[in-house]
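These notes concern the structure reproduced below.
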Amino acid sequence: MKLIRDVLDKKLIDLEQCDMGRVSGLVMYVGERSQPHISHILIGGSTLWMRVHPALARVSNRLAQLWGPKHKGAVRIPWTRVKSVGRDIKLDVEARETGALAWEIWIARHIIERIPGGGKEEVE
Amino acid sequence: MRLKRLLAVLNQIRAKSLLVVPLLFSTACKPPTPTEQMASVISWLATAGMAGDAWLRHTTPDKYTRQTLELSHDTLLQISDDLLKSLPPGIDTASLDNVLTRSRSRIAQMARLVEAKNSPAFLSQLDSLRADQKIVKQFSDSIESKQ
Amino acid sequence: MEIHIELLLGTKVCDVDGEDVGRIEEFHVQRDESSCRVDAYLIGASAVIERLSAWTLVRPVKKLLHSRNLLTVYEVPWQDMDLSDPQHPRLRIAKRDLRHIK
Amino acid sequence: MKKVLQITLGIITSVGGFLEIGSVTTAAQAGASFGYQLLWAVLLGTLCLIFLVEMSGRLAAVSKHTIVDATRERFGFPFYAVVMLGMVLVAFMVLVAELGGIGLSLQILTGLGFPWWAIPVSFLVWLLMWKGTFRLIENGASLLGLVTLSFVVAAVKLHPEWGSAAHGLLPTMPGDQKAKYGFVAVSILGASISPYLIYFYSSGAIEDKWDESYIPMNRMIAGFGMTFGGFLSMAVLVAAALALQPKGIDIDKFDQAALLMTTALPKWGFYLFAFSMLVACFGAALEISLAIAYFFAQGFGWNWGEDLEPSKDSRFSFVYTIIIFLAAVPLLFGVDPIKVTMISMALTAATLPLTIVPFLFLMNDPIYLGEHRNGWVSNSVVAIIILISFVLAAISIPLQIIGG
């Protein structure tokens, strides 16, 4: 398997087939003597912008402090939760509980639900 | 080797450098030549004529016709000012100015006649405008030949 | 020590003598039940082809040019890579001892 | 039988959605200033579009990925971010132009200036997106869009000389006004090969749940739909060449374009033009707002779907809401939509390589497409289109400055 081609930037799907973003980054654990391994998948936060330019990452952090959901920084998902790697990456988690949908829910609650006809974000 | 170098170059084009894609550019145009300005004058005179024709057939709304005539009038006024300053030598500036001023006032008159719904008077203005248009065309031809 | 793969991608690598080898472009990994171990690093401009999955596109061109060494990718086993300074990865061996693939 | 219906509907959709303010303005300008001479640019643009649309549909049908999905996955976020910057900038300007086109159509019909229409029109576009389904937007807008066929009637009624029209299908250099000729040619190509249309089409294939069995259908829809659409553009050009060029009318303002059909169809020409533009721009405004929202949602991996309730894909809905109302702002200040159109067409041409280069890689990817990869014919075509796109990118901005 090739990490950049098959994993990085792939779409993540949770147990309930809900889209939870794309792989923004990957954390590799390097030990003294042991073989390096991938420990976490990162979603969102400034990880993405860091890949373009550190300055953009700083701007994105600054903006997130002024505005938006409480959950800051990237969501870390342990590699052990990966179920399969194919067209998309299937995870053994529930998107809501990871914080990956923090923005989605925040925008739904603060903006979309307040506009008539927007519907309710949560299923009763 | 070519391919290898190409790939190396492709590799070097990272986001950092791509982001410097020049996004701001000026829309400044070089000043139009007298020939181009004459073409504009003819275009707007013809526009007024065509809008007039359509109105006489009762196929366009009054408001549109009036607005288009006013737009032609204003645009012609604007172009004429610049045009008369930049004519090549040997052109009778005074008589060109004369015919342009006359057609502008005809167009302005037509706009008023639309409001009054006075078709016969409108038609006579339109016919005179046509005659003026021919004179302007002659000027345009002689300007083009002098350039 | 934790290293961000997405930031390691594209960093320049030197060999043990300080000679420029190329940039890290792809990672070979071995996946089993619960872990994902990094076997090797692919270095060199042509490793981009690997990452873009563009071999079907490049192979005919390569064939056309009858060249074997045109598109070289260095495959560096994990043991030979020193990542103690993630911004300046170094090989533990010399460039001439590296293995070409494809 | 069901397939035949689907194909017909698909073709009607493509035809009805083809014309918008960009293609009409550029084609009318070309006809008014250069007669039939620029017909080749419409033909070339349409041919390129046919291939690109077919490929984007095939990619979606086989891999369940849109071009945007695949671009992000293969080329990584930094490249995607650059494409995003270009795409959003250009698409936003086109959206301003389309909303302005609706406003201008209403202006010539009612006499009330287009800035007054900016807010009501944006609100209506937004409301349809908020409440409507994908089917409603795609089929409704394009069925109404068939009124643009009146351009064909107008062109035929003016009795074009078919011989010299056919001659215009081959590129020729003009005697004078070279810069303007080049500028209009580039704008026509920019208007025809519109990235938003490609993104919209491939997202539509996902919304409609296409699979590999749709490949032949996709080919038919792309081929016939875009060809008929191209004919519509040509009809506008021919009508302008016959009605406006002999009188020496150049199109600088929408009011002049409104006279396009008054000679061919004396009684209804004016109203048909106004109504055609109204509907065509409205459809295009919907498609562009959707395309922008798709672009973000797919690139970042958000939930998306025009059929979902807004709160179920809140980020997607948020993007189009913001973008539609932002697009009304320049119009409120009276920025001339025709000027915006011309600048955005040139900018589209300038950013084309960003959209098209990924096609070459993605359409040859065995992981995405397996046996449905491009053959050598399609690859040669893509290579040629890429070449054209680079030439366009290089010359569009200088031409904008000297010829615009």
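The chains carry the letters A, B, C and D, assigned in the order they are written, with residues numbered from 1 in each.
In this text, contacts are C-beta pairs under 8 Å (C-beta built on N, C-alpha and C of every residue); 3 or more make two chains touch, one makes a residue touch a chain.
Bear in mind that the values here come from a model prediction, so they are computed numbers and not experimental data.
The minimum number of touch steps linking chain A to chain D comes to 1.
Among the pairs A-C and C-D, the greater number of C-beta contacts is found at A-C. Taking the mean of each chain's C-alpha atoms as its centre, the chain lying closest to the overall protein C-alpha centroid is D. Rounded to whole angstrom units, the spacing between the C-alpha centres of chain B and chain D is 27.
Separating the centre of chain B from that of chain C, both taken as means of CA atoms, is a distance of 61 Å. One simple way to say how far apart two chains are is to compare their mean CA positions; for chain C and chain D this gives 42 Å. Of all residues in chain A, those that touch two or more other chains are 4-5, 8, 24, 51-52. Touching of two or more other chains is recorded for residues 74, 76-78, 81, 367 of chain D.
Residue numbers of chain C whose C-beta contacts span two or more other chains: 6, 9, 25, 51-53.
Residue ranges of chain A in contact with chain D, taken from their complex: 4-5, 8-12, 18-22, 24, 48, 51-52, 87, 103-105, 107-108, 111-113, 115, 117-121. Here chain C touches chain D in the complex through residues 6, 9, 51-57, going by the rule given at the top.
Touching chain A in their complex are the following residues of chain D: 63-65, 69, 72-74, 76-78, 81, 130-131, 300-304, 309-315, 317-318, 321, 367.
Taken in their complex, chain C has these residues touching chain A: 1-9, 25-31, 34-39, 50-53, 78, 83. Considering their complex, residues 78-79, 81-82, 85-86, 89, 107-111, 247-250, 252-253, 255-256, 258-259, 262-263, 266-270, 343, 397, 400-402, 404 of chain D touch chain B.
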